[in-house]
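Each chain carries a letter (A, B, C, D and E) given by its place in the written order, and its residues are counted from 1.
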Amino acid sequence: MTGIIKSEPFVINIGPQHPSTHGVFRIKATVDGEKVIDAEMVMGYLHRSMEKLAEERTYTQNIPFTDRTDYLSSMSNNLGYCLAVEKLAGIEVPPRGNAIRVIMAELQRLASHCMAIGAFANDTGAWQTPVMWAFREREKILDIFEVTSGARLTCNYMRIGGVAFDLRPEFEPMVRRVLREFPPFIDEMEGLLSGNEIFIARTRGVGVLTPEMATNASLSGPMLRGSGIAWDIRKADPYCGYEQYDFDIPIGYNGDSYDRFIVRLEEMRQSLKIIQQALDGLPGGPFRTEVPLALRPPKGEAYARIESPRGELGYYLVSDEGPSPYRFHIRPPSFINLSALKEMTVGGTVADAIVVLGSIDIVVGEIDR
Amino acid sequence: MTPFLVSDKWYDIRDLGNLSREILEAADRILPFGVVYVLAALIGFVASFLLFVLPSQLIVGVYGERRIIGRMQSRLGPNRVGPFGLLQPIADAIKLIQKEALTPTRADRAVMYIAPIVFVMPAVLLWAVIPFGENMVIADIPVSLMYFLAVSSLPVIATFMAGWSANNKYSLFGAMRIVSMAISYESPLVLALLGAVVMTGTISLSGMVAWADEFNIWMVFVQPLALVIYFICVSAELNRTPVDIAEAESEIVAGYLTEYSGMKWGLFYGMDIGYALAASGFAATVFLGGWTFFGLEQWVPGWLIFIAKTHLFYFLFIWTRGTLPRLRADQLMAFAWKFLLPLGVFNLLIVSTERMLWSEQDYAKGLIYVFALVNIVLSVALVYAWARFNGYRPEQTPTRPRLVKQAGGYIPVGERS
Amino acid sequence: MTRELTGSEAAALAEALVPGSVDRTTETACYLKPDRLVETLRALRDDPDANLVHLTNLCGVDYWDHFEVVYHIQSFEKNHLACFKVEAWGRENPEVPSVTPVFHGAWMQECEAYDLFGIRFAGHPNLYRILLWEGYPGWPLRKDFLAMPGGLQPGLGEFAGVARRQEPPVKVIE
Amino acid sequence: MTPGIEHFLTVGALLFCLGLAISLSKRNAIGVLMGVELMLNAVNLTLITFSRFAVSPNPIAGHTFVVFILTVAAAEAAVALALAVAVYRNRETIDVDRLNLLRS
Amino acid sequence: MEGFGPSFAFWVLAALTLVAAGGVMVSRNLLHAVLFLILTFIGVAGFFVLLSADFIAMAQVIIYVGAIAVLVLFAVLLTPRSGRDNGETRWALPGILLAVCLAAIFLFVVHDTAWNTVDEAPAGLDARALGTALLTTWVVPFEIASVLLTAALVGAIMLTRSPEEEAEDALV
């Protein structure tokens, strides 16, 4: 269709109101026929200036903000922030707190990947079925969050020095149920999508990132691992006692959208493994170190990062010995993962651009903050 | 065929065709010339509406489409309005009628207004030639297969009008895609049907049903490949989900429907189901033996068998819609030209050869079963061989990622960690 | 465990490759001279010993009299993380060289720092306000944002602890 | 009034002349092509009319001619539109007034 | 062709066809012209049905509406917005005059000839007879037509190749 005639390129706005931009995000694509010849990102529709707001609040008060950045993985965001504050103030977390944190972070990864995989399948055109199946499983995890923290989406569960509450007695059977019911679900998804010819045709070779490109574009998480780079903060820079658990890093082959998808699918299996180990060896004792409510960390700076479901989630804090952070910076993985979007989409069709965007797994709340 | 219980009388309600024929013949004796045509049209319209449009909207629109898909997606589907949610389409229609039908400022108003009407008409016209039962065909014209193909090429124009007139870039994408799809998928579709025509030696749908009845075999067993090609092509032409690139909601919002709202949108949406049903009815007639079922039609009304077969085929549409992702536009074109068209030609060659052999054997009844067996084997072999010839190697795609124990830099493919 | 290089370790790496590039060091960070920044980071990226290939984090900090741009750069193979900083003096038109030619991933983060701090990155291919709209008054993450002309948005006054609302009119009771 | 052969022929003639007028007067190459298609249709109509009404030992010959005309029309449309597209690519116009490649 | 039905159908179809053909002539917008053209094709197909040429009527709809009109629409879409007007050349008036003169001659001929006609539709105008005629009496033209179609297919592909594709082929 394209290339037959000298056609005039025209601009098509994918978003901000579009079914496949997963929020108010916009790609200004210049297309020639169906071929994308230029792509420009427009974002900031959801900008709330969290970094400024956080400078006016105490360290503890900032935890709810971190829920609202990446609202699909609030536990991970809480955890990253608390780790940064603990690093800044030199606070030790008791082993039970760490184990609970690990379980929660991994459950959150499962929930977030459910969403990512479902939405990605939806972007390739599988009409709602994978996303519904994924939601069905995600509900079980959200129920666990509700029982534990009282909230399903914005949990606000982690605290500086541990977690907010101890686990309830219902917690363990619920997690055991997830551990029992997730592996069949992942196999089901694999049967539905991984071996599906149409799915492979749509995603193989689409949005290819070479390892050099992925490194140079500061990508992280499944984007990096899909390109064959074995990099996982949980392995490379263990926090919360991740070094005790036995798990593997899944890495892809060519760095295309399909590889990112199978990496996410495999990460869910690894997460289940981690949860199993953490739950079996859940230590007793206190779940939290008591820290003063108006925490005043010593003067200095700290950069702590965790492996959030979307990649490296870092918090850079500067303290001036005041009750609130002097500088509060979030390194948002889905924002920085977008920096290679243009390179991935240009040359493909509009349909490919949607698949690429789905494979990045953006959360607009985190992009815009 | 001699009915076992069913007499040829008008009061036998198991075959509604007798009734209408009796009425029409009686009317023709009394009334002046020409009025009986109007009567026939009225009866046909009411019958088709009662028998198909209404049940299709109610039973298939809710139960076939939404409930089955809901079941596939592990949710309930509509179950609130009326008993078991049966009245949901009516509630939807009332809602849609109340909604404002927006027209963009710079749209081509006239064309945008006419497009839904043009889209609806062929959906109703298609049913005219499909035999519901023994005498239950509204217009038993000798070229009814051609008629079906001709009428089913009209909605393409309507969807193009809809997409082009809205003056929206997404709509234009949809229009562009549907036009190119129509060009690509018409030829394999006709080739697939040509196989059936060559085998039966008729282009009348009633004739095809009679053929299936006479030789006690359905066309699908004789030409499984043709049914597969027909199914794929018709899904493409009807924009059903595995190949619905013209209204791909994740790519181009809603394609040609983007700017439509209210009942204008509702007409498109409802008639999508109407077309899918008509295509299923056509497939049931050509490939599944129509209203016959190896003699069962002597006990059960033929139109019930026909409706069952239609909905069985329609279930295939729902099934694929619920499970498969969508192909890209260029991949679909390549699939039509590189895969379906050659396979259609091969199928036609095989069928023509068999037909020649068959006519030399004076249409021996047993031979057709041999052909069926041969064709089933040949179809599988042909698809496999042609896929291999085109470089299709499924085992080369790893579906599991590599696993490494230790974090580090880039690990090239093939290197053990 | 990732080895977080101290300022002096990072400075030693940088000095070995590009002599004279280091301004000063602190316990956690190494301050580079702005005019040698791009050169140094490119050398550190390409050197197999330093192997600082992945620019993880880039952000600006406002210290009232000067701005700092912080670069967290890590190596996958060596598994270490270094923190470099560059200072930009002056509130009117702070400017540091852009590292986008070295690290492609820096372009969005530099846009963000420009958007929120007003730090200009010389040599950036397309520096624009990525989160806020063009023509937004002021630079929101600067410490004096609320005092900027047009910087005070309705409702922000309460957050800053400064009531800017008019006193309600006294209701006369008859 | 019962339609006879004259009526059908009249419609065919009028259609032909309309097609002729369109193909002679339109500036757009696609418009010209549409006129030609109309003329072919008119000829088809006339042939079918003769086949139906004329006293002939072999009435199916008219239908056969129409099948050939349909074939030629399809081929002609494909080639003509390909030409229009190709001409547009090279000359940036499909205005037949300005397609004076042979003159200048 | 007796009775109310056929004559009613004739007049409706005649009005539809001629008005739609006139629409092709007068509409400014090229897309509207194509849509009118489609209406004309359908009207002509209706005439064919009236003249008991069922097969030809269906073939007319399939080929003209399903293929040629869609091709024309495709070509219109491929030309940019500026190329989508349907104006007249400066030779419009002579062309129309010529057409009117020709129409006058045609009408004169049609109405002044004593046609030797039959009332009933002759037997053997069905698809089977057509197929038999095509593959016996007219088999050579039939084959030539198929060759023509192939040639048209190849020609259309060759004409619309982009310069890049031509360059690629030149390397082979």
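Here is the rule we go by: contacts are C-beta pairs under 8 Å (C-beta built on N, C-alpha and C of every residue); 3 or more make two chains touch, one makes a residue touch a chain.
Treat the numbers as computed from the prediction; the structure is a model and nothing was measured.
J.: Quick check on this structure: which chain has its C-alpha centroid closest to the centroid of all protein C-alpha atoms?
T.: Central by C-alpha mean position: chain B.
J.: Counting C-beta pairs in contact, which chain pair ranks first?
T.: D-E
J.: Using the average of all C-alpha atoms in each chain as its centre, how far is it in Å between chain A and chain B?
T.: It comes to 42 Å between the two C-alpha centres.
J.: Compute the distance, rounded to whole Å, between the mean C-alpha positions of chain B and chain C.
T.: Computed from C-alpha means, the inter-chain centre distance equals 61 Å.
J.: Averaged over CA atoms, how far is the centre of chain C from the centre of chain D? Could you give it in whole Å?
T.: Each chain's C-alpha centroid was found; their separation is 71 Å.
J.: Roughly how far is chain B from chain D, centre to centre by C-alpha average, rounded to an integer in Å?
T.: 33
J.: Scan chain B for residues touching two or more other chains and write them down.
T.: 176, 180, 407-410
J.: Return the residues of chain D touching two or more other chains; collapse runs of consecutive numbers into ranges.
T.: 85, 88-89 - these are the residues of chain D that touch more than one other chain.
J.: Mind pulling the chain A residues that touch 2 or more other chains?
T.: Counting only residues that touch two or more other chains, chain A contributes 4-5, 215, 229-231, 236.
J.: Taking the touch rule as given, give the residues of chain D at its contact with chain E in the complex, in rising order.
T.: 1-11, 13-28, 30-31, 33-35, 37-38, 41, 44-45, 48-49, 51-56, 58-61, 63-64, 66-68, 70-79, 81-86, 88-89, 93-97
J.: Please output the residues of chain A touching chain C within their complex, sorted ascending.
T.: Residues in contact with chain C: 43-44, 47, 49, 51-53, 56, 213, 215-220, 229-231, 236-238, 243, 300-301, 303, 305, 312, 314, 316, 318, 326-327, 329, 331, 335-336, 338-340, 368-369.
J.: Within their complex, state which residues of chain E touch chain B.
T.: Contact set of chain E toward chain B: 3-5, 29, 31-32, 35, 38, 45, 54-55, 57-59, 61-62, 65-67, 69-71, 73-74, 77, 126-127.
J.: Under the definition above, what is the set of chain C residues touching chain A in their complex?
T.: Residues 1-2, 27-29, 53-57, 59, 61-62, 70, 72, 76, 79, 81, 83, 103-109, 112, 116, 130-133, 140-141, 145, 159-161.
J.: Using the touch rule from the top, collect the residues of chain A that touch chain B in their complex.
T.: Listed in rising order, the residues are 1, 10, 12, 18-20, 34, 121-129, 132-133, 136, 190, 192-202, 204, 211, 215, 225, 227-232, 235-236, 248-254, 259, 262-263, 266, 349-352, 354.
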